[in-house]
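Presented sequentially are two complexes of chain A, the first with chain B as partner and the second with chain C.
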Partner chain A sequence: MSYNIHIQRQEISALFDLKGPSEALQEWAGKHLPVFPSHPNSKTIKDEMELSFIGRNHWILRAPLSQEQSLAGRLMPESCPSDISIVRISDTLTFFGISGPDAPEVMAIACPLDLHASVFLEGMITYSEVFGIKALVSHYDGGFEFAVEQSFGDMIVDYLNRAIT
Partner chain B sequence: MPSNRLPTGGRINRNQPVRFKFNGKSYEGFEGDTLASALIANGVSITARSFKYHRPRGIVGHGVEEPATLVELAGANASGNVPATTVSLHEGLSARSVNCWPSASLDLGATNQLISKFIPAGFYYKTFKWPNWHWYEPSIRKAAGLAAAPTHPPASGHFEARHAHADILIAGAGPAGLMAALIAGRSGARVFLVDEGTEAGGSLLNRALLIEGRPAMEWVADAVAELAQMDNVTHLQDSTVWAYREHNLLMVNERSPQNPSVIERSWRVRAGQVICATGAIERMLVFANNDRPGVMMASSAQAYVNRYAALPGKQAVVFTNNNSAYAAAADMHAAGVEIKAIIDSRKTIPKDALACVSGIKIHAGHVVQTTKGHRSVRGVVVAPIDGGRRFTVSCDLLAQSGGWNPAVHLFSQSRGTVRYDETLASFVPDQPAQRTHSAGAANGDITLDSALSSGAKAALAALNETGEMHQTANVPTGQDTPYGITPLWQVDAKGTKSKAFLDIQNDVSVDDVHLALREGYDNIEHVKRYTTGGMGIDQGKTGNINIIGVVAQQKDLPLQDVGATTFRAPYTPVSFGAIGGIREDSVLFPYRHTPITAWNHDQGAFMYEAGARWRRPGYFPRPSESFQETVNRECRAVRESVGVYDGSPLGTFELKGRDTGKFLDFIYTNVMSSLKPGQGRYGLMLSDDGLIIDDGVTLRLDDHRWLLSTSTGHADAINQHMEKLLQTEFPDWEVMITTVTSQWNNATVCGPNARKTVEALGTDIDLSPDNFPFMSFREGTVAGLAARIVRVSFTGELSYEINVAPRDMLTLWERIMKAGKPHGILPVGSEASHVLRVEKGFLSLGHEVDGTADAYDLNMGWIMSKKKPDYLGKRSVELRRRGTAVRRELVGLVPDDPNHQIPEGAPLTPGGKKQKTEGLTTACVWSVMNDRWVALALLENGHSRHGETAHVRLKDGVIPAKITAPVFHDPDGILLRS
Partner chain C sequence: MMLIHCPFCGKRSESEFIYGGPVGADRPNPDAVSDAQWVEYLTVTPNPLGPVQEKWWHARGCGEWLTIWRDTRTHDIVEAPENAQ
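Up next is the complex of A and B:
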């Protein structure tokens, strides 16, 4: 391995796609969610749940898979009002963690986004591309994480292996 | 010690000898040499043959401008057409000259020189037109060509492409670039400094100049060391900014990355500001036989003696029209080269220049008319510029300097304009089109002092534009000879018949340009295309402006009015591998897997892409089974018992909101809003010009939630289509779309025994036809897994599409195979699916839906709602239908010979004659139900021609086929509703 990094293809998380006005979402499910992030491309954390602000009237809730059923029970996607949308999408995304001293180098191969620590601050999250595939990229202490549509997961592994070999 | 190597000096490592081969012969050089410098040190004079006339050529330049000596590198990192001046010497290097046989010294292609009068520029355009240029092309290319591309990839390592971002990108680490980098770096800005040389310093590497009273290279070393300490500075050497694209995106080719497994790296740098400090390139003088081995750029001769301690000659004549050659003469003289004379076309020579060369004979107001010698220069013929007595000066080196051209290539690529500067007699940057600054010689600041100052100025300007307000900077002073030039575009030597070259690489002479002008190609871009001057590997770096000058003289125009040709990327050649990076082999194209991809592989499935980058099983062959036998077997399983296929790639979207029904009614031709929860309906989507763009089934989950499926290949396009409509046409409509293609995978169990198989899986869903009819769905558990079953059919058989979360898909699949085993269940690939849908006459995008057909053409007028006041594409279809144009309509074809296959796409013509086509075959399959080939076709007026015979016209015959309804199995749809 020519780059000093650690790559982890992560297990499935519980994911819920939330759309609609934040007021309406908070009214329906606010008590079950972290505080809504005040700025786009940022996230808030409560217990083990992350709520990421990823687009206009668009959020993603992420939690351990073990909480999926209970969250579904509390968020009640099937019965929420018409002006909001809550959809379980746990299986749609595959997450990869890239950490280690050379993580920025490998991410620079994969992603056209400016991931410099002075620009893409820790805790930020945004859509970009990874190896040409739409990806949800975030920056955390010690590395990066990105998620791609699940069906591309094997290809991303293939790419990463090529990048670090 | 090689014959032309100086005993001391140079920036070579004499403790590290390097052995190499050139044209099969062994030589020795030193670490720090280029192939060119090592050849010069070894006294090799003929290093190449010219492109067209196969004239002997030597080394002309010392960097990327080299026009003459291109080599082919052998071995692990084989490469073709590399300037010898850019090849770093390394142990075991093996190179050979291109375009010569059997060798550069003795080249049989040189016979072309005997007929050179008859093969001027453009001769092949006129001569080899009949009957077909391509008849002659191979032999012409063989006679005048370059090295072929390597036949094998590099033996080890890989290429890499990566992204980078910077506040300021600086192209060039000469005095101006380094000065700019120091100032920008010290401010804390993110700086990306790129230089094409193996060492920083630019022209300072080759010259003996002082900065602040110290050798300039000491200042360079200090600057490089300081930059290395800055975390905010990325500094690349042996790297070239080769393209400057929109929005300050620059492409950088790093040729020797530190990472040992990376052969070359391509950087895509997005910069806030760009400083072009790319230096200047010395241009040739134009006189007869100015291409002989031994004719060299003066700055290159200077570089070889100073930087490489290699003597390009022992007795030199210097020919110039500007001051810079005097310093070169002085350095050569100091190195031991006898300067026989300096020939200066200017009648008055500045004192500063004269001061450099005391004791050397100078002929002011004189020109070199031609060179003498054959395989190398033996002397030059000199005459007064205004005419007069000619005389000969013997020499083995002619160091020439026609002046300096700012390297405006990147600036021009950025769409900045250039203007002709009379003082410099060259084009300089004028108005930038992007956030671009020019500095140093690239900006026309030729001398060291002005280069340092303009580098600082550019850095301050760039910083100010980034919001970092800086007013001043300490700039060291440099010691240099002032620059002055009187342009000399060509030497007028009446009576000299030999060729005077403007472009050495492409063998373009003054006569060729005159010919182009006589033939009416008088725009400079046309002159370039006609003569090929300025094309090729070097892109005319040493000669382009001379072509412009000759055109200007011939047309009696100022150079500004002639203009410059467009500078295009790449500035220097770039490996394809570096551009592609790691994107090769298995990742050349994206690919997608479903959770049972591995299972498919284990079963020996033949996999291929089947839309939207999904790798799917085409078929599941058994040993000794033919393709057709496999497909037939899978088809029979579905028609006679049960099969299962993976339908996961179908695009799936959940739509939510109070306006969703209204939106679906707009994008589909039929009514969706009337669906009751639990029901589904097949629909067609049209584009605004009324043509079919997609089809699929929509389910109503509850009052406000809908599940829409699309074809696999169009999933992303339909998603964009819907979002575009909602964001641009209906921003007030409350519809929210969530892609759930990968949230729901499905295994579709189909065939007469499908119900029994699903029952055997175990489910709490009532599968009876009365309680679970066709085009409905139910939610529950199947095989112990949470599932949604949908009753749709793409095969025409009883089908259950069992949707589960991908995490459960493999489990479901394996349990289906187990449950269906008593019925002989088989997995079904795309090939069998294709057969089954053709037998049913179900349309397929890309086959029957070919971008011209509408619903009526496909016998689907029933799906065009008469109730809805409007929907997308309705008006266009109606308008088209009001016309009288003959339509191609979907029909079935049954070949008269049941064993005669019709190639898909084959044309139909009246009577099979050579006439205008009246349709095409969209699909043809072996029908296991009919035991014969059957086909679908789009045929003019096809609906009214059932029972007639159509004719498929092929190259080798005609296939007659009976026209039928486009359905060959269960025409009433009883089975799929069973």
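Up next is the complex of A and C:
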């Protein structure tokens, strides 16, 4: 059986892993970030930057790679207070976009999440599994996106190709 | 497959979690208990026929540690017994 989907391995993004109390993070870098999302596994967007709330006191900031240096300059990870942590992780994750009419079918093969649109709402983002590997999964208009560790990227391409043919 | 309720993410597949063992007794003061009681604390883990409290780690999720009560007879996640501490 073949599926009507489009798989795209995305270019590297600028990624920063933010940990600590939200008040402390906002005090240190709030003016450079989107508004902090209030609901677990949701995200906010501002000027091409996405701030995702993916764990208790844990956020991931994503932006185009062209903004990486300027963001690092503004967030100043090396000199942040001891109660927060800001780490550049741009080269640790590789993103895949899965779009098309059969995208939910293929994602259902790969991922144990309840991906129905009434449960995993558009705009939600969460850590889960894709083919048994920890992955950051999000739902956007027309499809899904997920990120796995870079080193698993080629293996995930292989798994996806096997799943859709 | 069990669906485990994560306090941050909601109900998730068991496959996203790693079992962290049963919730044991609080660590006693080794100077205030007998050798037998100390050995029991170190080596005997709860293994009841019925509800047991367990620790689970949402390792392939948000990273939260949580405790649940699971009935060893049915494998169902259940409410805490009334006499639970």
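In the analysis below, the second predicted complex is superposed on the first by the 164 of 165 C-alpha atoms of A that agree within 3 Å, B and C clash if a C-alpha of one lies under 4 Å from a C-alpha of the other, contacts with A are read in each partner's own complex, and residues count from 1 in each chain.
Here is the rule we go by: contacts are C-beta pairs under 8 Å (C-beta built on N, C-alpha and C of every residue); 3 or more make two chains touch, one makes a residue touch a chain.
Bear in mind the structure is a predicted one, so any value in this text is a computation, not a measurement.
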One more residue to check, A:140. First (chain B), second (chain C), both or neither? neither
First, second, both or neither for A:41, with chain B first and chain C second: second
Tell me which touches more residues of chain A here: chain C or chain B. B
Could you look at A:112 and tell me whether it touches chain B, chain C, both or neither (first, second, both, neither)? both
Can you list the residues of chain A that touch chain B in one structure and chain C in the other? 112-114, 132
Note: in the complex, chain A contacts chain C through residues 40-41, 54-56, 58, 112-114, 126-129, 132, 134
Please give the residue numbers of chain C that touch chain A in the complex, ascending. 8-9, 11-13, 15-16, 59-64
Residues of chain B defined as touching chain A within the complex: 158, 160-165, 190, 259-262, 268, 270, 581-583, 586-587, 590-594, 597, 614, 649, 654, 656-658, 701-705, 734, 736, 738-743, 805-807
In their complex, what parts of chain A are in touch with chain B? 2-3, 12, 17, 19-20, 78, 82-85, 87-93, 105, 108-109, 111-114, 116, 118-119, 131-133, 149-155, 158-159, 162-163, 165
